[in-house]
Amino acid sequence: MELVVDQLSVARAGVPVLRGVAFRLAPGRALLLRGPNGVGKTTLLRVLAGLQPPLAGRVSLDPDNFAYAAHADGIKSTLSVAENLNFWADLHGTRGSTGIEVALAAFHLSDLAERAAGALSAGQKRRLGLARLLVTGRPIWILDEPTVSLDRDAVTWFADVVRAHLANGGSAIIASHIELGLDAEVIELEPFRASWSSATNDTDFDEAFL
Amino acid sequence: MELVVDQLSVARAGVPVLRGVAFRLAPGRALLLRGPNGVGKTTLLRVLAGLQPPLAGRVSLDPDNFAYAAHADGIKSTLSVAENLNFWADLHGTRGSTGIEVALAAFHLSDLAERAAGALSAGQKRRLGLARLLVTGRPIWILDEPTVSLDRDAVTWFADVVRAHLANGGSAIIASHIELGLDAEVIELEPFRASWSSATNDTDFDEAFL
Amino acid sequence: MRALLLRDLRLAMRAGGGFGLGLAFFLIVVVLVPFGVGPQTELLARIAPGILWIGALLACLLSLDRILALDWEDGSLDLIATAPVPLEAVVSVKALAHWLTTGLPLVLAAPVLGLLLNLPAPGYGWLTLSLLLGTPALSVIGTFGAALTVGLKRGGLLLSLLVLPLYVPVLIFGAEVARRGAEAMALTTPLAMLAGITCGTIALLPFASAAVLRMNLR
Amino acid sequence: MRALLLRDLRLAMRAGGGFGLGLAFFLIVVVLVPFGVGPQTELLARIAPGILWIGALLACLLSLDRILALDWEDGSLDLIATAPVPLEAVVSVKALAHWLTTGLPLVLAAPVLGLLLNLPAPGYGWLTLSLLLGTPALSVIGTFGAALTVGLKRGGLLLSLLVLPLYVPVLIFGAEVARRGAEAMALTTPLAMLAGITCGTIALLPFASAAVLRMNLR
Amino acid sequence: MASIWEYANPRKFMATTDVVLPWIAVTAALTLVGGLIWGFFFTPEDYRQGATVKIIYLHVPAALLAINAWLMMLAASLIWIVRRHHVSALAARAAAPVGAVMTLIALITGAIWGQPMWGTWWEWDPRLTSFLILFLFYLGYMALWSAVENDDTAADLTAILCLVGSVFALLSRYAVNFWNQGLHQGASLSLDAQENVADVFYHPLLVSIAGFVLLFVALVLLRTRTEIRARRMRALLLRERMG
Amino acid sequence: MPDLGKYAVEVLSAYGAALALLLLLVLVSLRRARRVKADLAEVEARRHGD
């Protein structure tokens, strides 16, 4: 179940942003994506999650190996914290096996379980969004700036959860600007930035549209 | 024009979250608000900005001394970066005096000035949101987690802008979980958390509503 | 899929969830008509079946943007799309939830509102039947429209514009059934057509909706 | 304040901004009516002034939630509220922008659509006049409703429910002017009432809207 | 004498109504049942309307209360805006469903009455129409209360809606009158009216009006108590979570 | 039972509908009152308990 990404090019709104990205990710390992604002981290992660097709290149695993946590959390503010998690557990068919208690406990949300999700602060919401990962039961986590709004304690809880996931043979791809204290490979995306000149065959009219 | 905050209590959705917050902020100084998720930083900042009334206590300056930058940036995605900034400059009547070029340059947005704001990445949007502060022409900045989504370079640009603002006699109140490298006083909000027991007179039914 | 249906119904019932508001809108449209065209009973009775159908259609239309846009805005839709459920099933369930929370109440309320417009007595049964047959098609077609406009900020009005032409056949046959019913005329042809349209859209349109949604998500 | 007005107009013109969609909705409602009530010319002519007014009102209603909700969602409203401009002026400008982008096009389009419904010849002038007088009130009242529901997720339908009863007097007098105009009857009283209501709402309601908005922002 | 504003203190209000409410409830039940039985069983038929006059014992009291409940809500809203007494805001909230049901009863009994008298269930008569509009106002008012999460904000918003709505309700009343001259009876309960209803109908009508009014008071008190408790409970639950 | 003549259906249905609505309102109010009272008591007990 090694993930192999090969010569991947991705586009945002039709404009290529990254070209020729390649990496391998073995089970039990984490990968940090680094790169300045606007380099294309979010776009790359959406491609991996199967939400948009790549421009070129190959991802060795099916999208349903990935659990994606985006900038937006997908939280329903009128449902309680527990109802939100239960929904995701049901949808992924993991209600019986994992149980949401583990996920709640991991992010110290058990006390807030009955609270309507709309009445959480920014960081609490984020924790709920991350707890969702645990109930998907998927091996590879794709995390887009997961620690936004988290306080220092919450960041360590998050790192613990990721470490436990890796120890269980899972893996994770994380885009983040801050230090997480994880033992992970780092890939810098700046060199893959798609520039005008790096377009492969500029003469092809069809290609020139892109 | 010193800001004096005295015995301030603030409530969110009718529930007191902080009690008895007090501090002073002289021109040229910055203040960092620290505290775990959910302690009430956002609520406190909204009260200072005049968006909601305090439960008790006093803020020595009028709301129109403050420029507020919230979690949400107030960016119109169909307007260009320049149009967005021009609007705020006009609304604050500073179009003539400061000019938006300074603001654009400070956050390295000049190249993107004609781009529709909706086509920016998360960090670029954030920079546009912060550039707005420069065109308000207001002396005290209230910043709620300003560096969310910013890459390392952008964080230093931001710190430079704040330092320049302080050097001009402005001041800033910043809620943030990460280190900004600013020379600033720090106030930890945890001790001011409004707890059950600190409720003044529990016996009064009228008060018990709150 | 049951989880999704239950969640949508639960969301609709919660504060601000919009359950009953479609109904209220229907009521209000029907109430406004006499203010506009005047209070003459005999005139109102003549236009009653048509107005009731148009009112139901508009009430349905207005709630369409809740079907997908809310889930889009808070990011749930992306996450649902990556969950192990086929998108065709997702859009069908969404349409079903919309019908249960909007269409069905309209069907039940229509006879009462018929009173307000002096609908002739034989019309009530046919009006209800035609709405019962027609509103599921409205929900399914509406879900298609919602999928088309999901990425657009406040696609609400654009959505109406796209969906209304698609509603025209349903409206024509539905209102025809109701009108002929009210005037006690033969109505098998429009009834059969209405039923046919509904079955056809339910069977086929979810595939189009899912395809369109997939495009909009990327 | 000019900046705000210009921004709102510019936003309306941009892609997805909703300019012209109210108009399209108006067109479609008017087009649907013959499908609903049947194609008899004389019947349509009788209900034409009323239907045109109701169509304009609904088109107006549907675009109300754009007035404030968009600015609320992306946080601009908070920032505008902290800017050095009185909130009363802000809501007035918002209502004006809404009228310019929605009400005015409706007024201009109404005579054309009157043709579709066989509006009698003397009716055109009065129809236009009544809409010209009445639609500003619709925008101002609508802004009040938008301010009431601004904090609520997708308050759209609740907004309709709250605003429609408030629209009743405007609709009655407006449609009455148009109908009497079409039938060449005396119409000074409803015309005076319509003008009175419009002036009254424009003068007073912004204070209520600003108050309500302030409450919703905190 | 204690100021009336003291009853705006929730604790005081709860204590007082705790004592008073059972009495009001019992009186209400007795008067209402008495009035309705008198009206239903022991009045003659009207020479024109036949047995349908008996509907008047439901219709007229419900119609009166439908309007007066709104007026009460208006007064309570004003008190909330001016003096910010929570009890009065909650009383307005408590009265709305009662008023709505009264409006509905007036509408339904009126519709049933219309069938034999006017030959139609519904007629766009001004009085009927304005009741329908009133019903819509009730619906909107209640919907707004339940849509807003923060209690104080909800109270503020609904109070202003009630104020503005009242003005527009008056306007609509006038508009509707202008729009259609109606079939409906004028008010004939007034003291100086020439053609008053005959005493045989009048006396039981007064009793059932009294019954309805008492029932209204009892229900509003009961529901206000519930709202106060619910409000306190929400506050406590929130605090509990705050730790 | 008085003789209601040819209007029996109307009068009886008017009484039936109105009384049913009133009864419903009373029952709903009472039930909610009872439930809220019980819930509040529980919360208060929890509060004083710990």
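Going in written order, the chains are labelled A, B, C, D, E and F, and every chain counts its residues from 1.
We take it that contacts are C-beta pairs under 8 Å (C-beta built on N, C-alpha and C of every residue); 3 or more make two chains touch, one makes a residue touch a chain.
All of these numbers come straight from a predicted model, not from anything done at the bench.
Within the contact network of the assembly, the step distance from chain C to chain E comes to 1. Hopping across touching chains, the smallest step count from chain C to chain F is 2.
Ranked by separation of Cα centres from chain D, the top chain is A. Ranked by how far their CA centres sit from the centre of chain E, the chains are topped by A. Where chain C touches chain D, the two copies mostly use the same residue numbers: shared numbers make up over half of all numbers in play. Averaged C-alpha coordinates put the centre of chain B at 37 Å from the centre of chain D.
Averaged C-alpha coordinates put the centre of chain D at 41 Å from the centre of chain F. Chain geometry summary: the mean Cα position of chain C and that of chain D are 24 Å apart.
One inter-chain figure worth recording: chain A and chain E are separated by 56 Å, centre to centre, where each centre is the mean of the chain's CA atoms. Shown for chain A are the residues in touch with two or more other chains, namely 71, 77-78, 119.
Taken residue by residue, chain E touches two or more other chains at 133, 136, 139, 143, 147, 149, 179, 232, 236, 240, whereas all remaining positions touch fewer.
The residues of chain E lying in touch with chain C in their complex are 111, 120-124, 129, 132-133, 136, 139, 143, 146-147, 149, 179-180. Considering their complex, residues 9-11, 14, 86, 149-152, 231-232, 235-236, 238-240, 242-243 of chain E touch chain B. Interface of chain B with chain A (complex): residues 13, 35-38, 42, 71, 119-124, 126-127, 145, 148-155, 177-178. Chain D contributes residues 16, 18, 21-22, 24-25, 28-29, 32-33, 35-38, 43, 46-47, 49-51, 53-54, 57-58, 62-63, 65-66, 69-70, 152-158, 160-161, 164-165, 167-168, 171-172, 175, 179 to its touches with chain C in the complex.
The touching residues of chain D, counted against chain B in their complex, run 2-4, 7, 10-11, 14-17, 71, 73-85, 217-218.
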